[in-house]
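Take a look at the structures listed below.
Next come two complexes, and both contain subunit A; in the first it sits with subunit B, in the second with subunit C.
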Partner chain A sequence: MSQLDDLKTAIKSRLGELECVIGWEQGYDPLHATPLFIRSEADLDRLIIGPLAVHNLATYLTGWKGKKVGVVVKGCDSRSVIELMNEKLVSRDDVVIFGLCCDGVVSQRKIRAALPADPGFVESVEIGADSLKVTVAGQAATLRLADVQADKCLVCDTPDAIVSDFLIGKAHTPAPAPSLKCQDEFEAKSDAEKFAFWQETMGRCIRCYACRNACPMCVCRDYCIATSRDPLWVSQENLPSENMMFQMIHVSHLAGRCTECGECERACPVDIPLMLLRRYMNKQVRDVFKHEAGKALDQTPPLLTFKVEEERINERGW
Partner chain B sequence: MPAQDVRELRIVGFLCNWCSYGGADTAGVGRFTQPTDLRIIRVPCSGRIDPLFIVRALMNGADGVLVSGCHPRDCHYAEGNFYARRRLEMLKRFLPITGIDERRFEYTWVSASEGQRWQHVVTEFTRRIHELGPAPSFNPKSDVDWNALAVKASQGQGCPCHGSIQA
Partner chain C sequence: MEKFITKDNLYRLAEELAATCRVLAPVADCGTVTFRRFQPGMVLDLHSRMAAVSPKAATFPQTETLLVVKREIPEKKPEIIETLPEGKNVVLGCRPCGARGKLIFDPVYETDKIKDPYYLQRRRNTVFISLACDRPETTCFCHSVGSGPADPSGSDVLLTLVGEGYVARSVTPEGEEIMKLALFSDAGDKGKEADAKNAKAREMMGEAHDYASAPAKLLARFDDMDFWLAQSAKCISCGACTYMCPTCYCFNITDDDLGLSSQRIRTWDNCMSHTFTLEGSGHNPRSTKAHRLKNRVGHKFSYYPDLHKGVIACCGCGRCIKQCPTGVDIRQIVKAAQEYAE
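Right after this comes the complex of A and B.
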């Protein structure tokens, strides 16, 4: 894996001046990765990249504000880093970006569904060019990578890091699918069907805030209005309406800022398809403001500015 | 115009202090007849209105929400309603994915001298909400409905992309 070696060399060259470099390592089993905070060259041996390195490590950047850190990013993660910089939440000078040219990551949810048995603990994983050989309880199963790819990778148009100090790997010419089938199907449903769907899924929500905590753009931490008692935006009752209200807060605070990294949906322990909401909001932002968060440095999020004459908002004469 | 034979619905109105609230006052002083379903909340500026106010109102059982401020370029604070316009437009466009009928929310601009226009806005919006009827509740109303929801939720119907793997 020469890409990994290139990355290690690049990190080694800058590690001395950095507090740490954030990457991935193997987690509790060979199928699951976990974030790795590299502080010394010895830690470098544990670094991994590839389709299992799913986490968006930009989430950690605001926690290191004011310190110089390095971060390893895929194309989609680099959008989050850029958006954080555009909002002046992290400074470009404080972050060394090790950009990857990504071939897509897996969805653990899809792997789980494709395996014959519930993968409590995976014994081994072999990653081929376009397949994944997973051994669970002595049984090996070969999955096509294309079948278990995360939804976001199917429509990805930024596989390579947009802004980086080191770009590792060969650049792609992305050919994304125009839209996601499940999104189109859901949007085509009637209001009543959609309403019933959210009632049901929000009935499942345990409000663990994993979606918020995994989100790279959710930077309020202890000051999140969803957990404030005064004003009490969301009551402590476990009602579908309160759970939905929390999601509405998340979506509206991300309007024009969401980089569609899919971390909220990935982190959800009860499999709520949160990206249906995010993707829809992003589509509206694209239509009205021609804006895509994190696609370029020095952009202002559309809701933090205005034009006296809006081209695509009708003045709503009655 | 009192709510004659129909049940009165709950419509929440967020009006900016300087234009639309004045406009509503002008309509009252002019003794224009208006439907009585609207409950007005006066805010300093349409820029004060967090779109989440509207969501919260709809979630808590409002049948409709009307927002009105100064005409763009006429804001008392110069630019409050320019920001409001962007936010409210995004909310209005976002509502369909949640299954909440986006016609239950409307925003418009009414100046303090436009009593007539205010009467028109209120009458039209109230008529629209009455056509839509009472808003469905996001929470089940009875124990039976709660149980049905709990059963469905535990089965985890899920979204189409999670139920099956796409080829």
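Right after this comes the complex of A and C.
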């Protein structure tokens, strides 16, 4: 049986006791998947998995608090579920986890760059074992999956769900690249160059908060500091400085909590490379606290706890 | 008036207009396409795709200063300075749907009783030189909301790509004025070619969906929260759809305190946000994303048409679908309400 069939069988076995199971289905065109909320066996027919199933469905879990739901997760998504549980935002008893052994997902941005015409004109897509055959505006193109894979997949060391009630698919031996070229190149820039980059890039930000709301760890949602009017912490003025201020708030609230699922960057309607900020922050947290969010159950994020003496922060020895 | 302008001359037109106006044009912007203020030397991206953001900022900027309050010393009476927008704007190379967005604004921002001076001044001072579409994207549905890929309404000049240039047709006297420039030449019989291209683009869109029953059918679902919970399940309640939308016209007003001075700013607001309807008492009549999505869809396809002669408050550009992080499809939601079996 295929991975999808196994997944359907697993979901069928638990669907009766669950409010719904969150998975993916075909979206508005052949290149896009969209979240699916499975409530009946008929819905199950629409379930898909594979390289287009990009969304981190853990984002929805806090919205179902108090109800028992199922969720289909890739390895990276399972880290978000773990982090939510570690922060006691979601109870393990309330979630049935259908974990996938994931072969990686696509980056729609890389697909757009690789196609001969804009993906808005897509006509058909055939998903092969290691390639995507896309017909766009009458022209066919074959893209190697490896070339259009999301950045997070290139450095992924957890392709298989870390925590699950059902683990579906063949386990991987992860072989992540040590780092991402785009990150290394950006970090090698001078402060002045970085400043100029963000000044320019944040001019594009429209403060729609798609990055915030797509983030599984951004749980304040309706009560976010950035949209509070009383007190008014951040001006509503759409300036690069205010937009960057919001992003700085976002990234600092995620320090030690971000699972690098990349949803913020994927959700951005104007393609702002927000993961440059996340990866940098996560590196600092790794260096200082030896912590990686969502890698294991029963861990406390370093900034949600207190130690009189931190092992790696030299507070008195100088 | 019908004329022809070569691609090179269209660029020269942008340069010429930029000398006296603020010209907004689509440019490739790190993998996406946005409208930026044109400066000579800038490379335009008119054809690869519809710009990610709509051109509505030309007539309705994301932030606009309504007034400035200045006080030199605390004891002195503050000076209040109204800041009406100055100067002329040209939007060059937007799609017809983007130019049509403001037609939805007009009956709201100019009524017998209320006239919004900021909007009206910009509206009067902005010219739209649109480019007809030659191929629909998967998310396009302008033909279903009373428009089409070469709809001139809302534009001042409509361009159609023919060979190495564009057939230009004036729609308004302001557009005609621009077309008097020597950069435009006689169209000869290229007009026929343009008509054929426009007809082909319309044909490629296929059959239009009939939204005639949508206002009543959506109202019938108003109290059906189960319907809206199901429809909104995948919505993450961000503002990408509203901020990308050429027809979304809601705003917020904030007094930004800057010490001895302050400014009153108007910024885009977003009905998908919790604070949109949060009342001073703390009560929120639209407390969940289901309530909010119901409002967004209902407003566009039911309440607005009921108030404004049946006009759907949507130009069918599909940005809300394409740019939605989770692929919420407004077409499907309206259809689900239309096809709902009681």
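Methods note: the second predicted complex is superposed on the first by the 313 of 318 C-alpha atoms of A that agree within 3 Å, B and C clash if a C-alpha of one lies under 4 Å from a C-alpha of the other, contacts with A are read in each partner's own complex, and residues count from 1 in each chain.
Please note the rule applied: contacts are C-beta pairs under 8 Å (C-beta built on N, C-alpha and C of every residue); 3 or more make two chains touch, one makes a residue touch a chain.
Since this is a predicted model, take the numbers as computed values, not measurements.
Asks: Name the contact category of A:R204: first (subunit B only), second (subunit C only), both, or neither.
Replies: A:R204 sits against subunit B and subunit C alike.
Asks: Counting only touches as set out at the top, which of subunit B and subunit C does A:D191 meet: first, second, both, neither?
Replies: first
Asks: Check whether A:G120 is in contact with subunit B, with subunit C, with both or with neither, and answer first, second, both or neither.
Replies: second
Asks: One more residue to check, A:R109. First (subunit B), second (subunit C), both or neither?
Replies: Both subunit B and subunit C are touched by A:R109.
Asks: Quick one: is A:N213 in contact with subunit B, with subunit C, with both, or with neither? Answer first, second, both or neither.
Replies: It touches subunit C, and subunit B stays clear.
Asks: Applying the document's definition of touch, where does A:A267 land relative to subunit B and subunit C: first, second, both, or neither?
Replies: Second partner only, subunit C.
Asks: Quick check for you: in the superposed arrangement, does A:K181 touch first (subunit B), second (subunit C), both or neither?
Replies: Touch partner of A:K181: subunit B, not subunit C.
Asks: Examine A:W233 and indicate which partner it touches, taking first as subunit B and second as subunit C; both and neither are also allowed.
Replies: First partner only, subunit B.
Asks: Would you please give the residues of subunit A that touch subunit B in one complex and also touch subunit C in the other complex?
Replies: 109, 113, 201, 204, 239, 270-271, 273
Asks: Over in the complex, which subunit C residues touch subunit A? Could you list them?
Replies: That would be residues 29-32, 34, 48-50, 52-53, 62-63, 135, 137-139, 230, 233-234, 236-240, 242-244, 252, 254, 256, 265, 267-268, 270, 273-275, 321-323, 325-329, 332 of subunit C.
Asks: Which of the residues in subunit B end up touching subunit A in this complex?
Replies: Of all residues in subunit B, those touching subunit A are 51-52, 55-56, 59-60, 72-73, 79, 82-83, 85-87, 89-91, 93-94, 96-101, 106-109, 117, 120-121, 124, 136-140, 149-150, 152-154, 156-162, 164-167.
Asks: Okay, in this complex, where on subunit A does subunit B touch?
Replies: 109-110, 113-114, 147-148, 151, 154, 180-182, 185-187, 191-204, 233, 239-241, 244-245, 248-249, 251-252, 255-256, 270-271, 273, 276-277, 280-281, 284-285, 287-289, 302-303, 306-308, 310, 313, 315-316, 318
Asks: If we count contacts the way the header does, which residues on subunit A are in touch with subunit C in the complex?
Replies: My answer: residues 20, 27-29, 32-37, 55, 59-60, 109, 112-113, 117-118, 120-122, 137, 201, 204, 206-210, 212-214, 221-223, 227-229, 232, 235-239, 263, 266-267, 269-271, 273.
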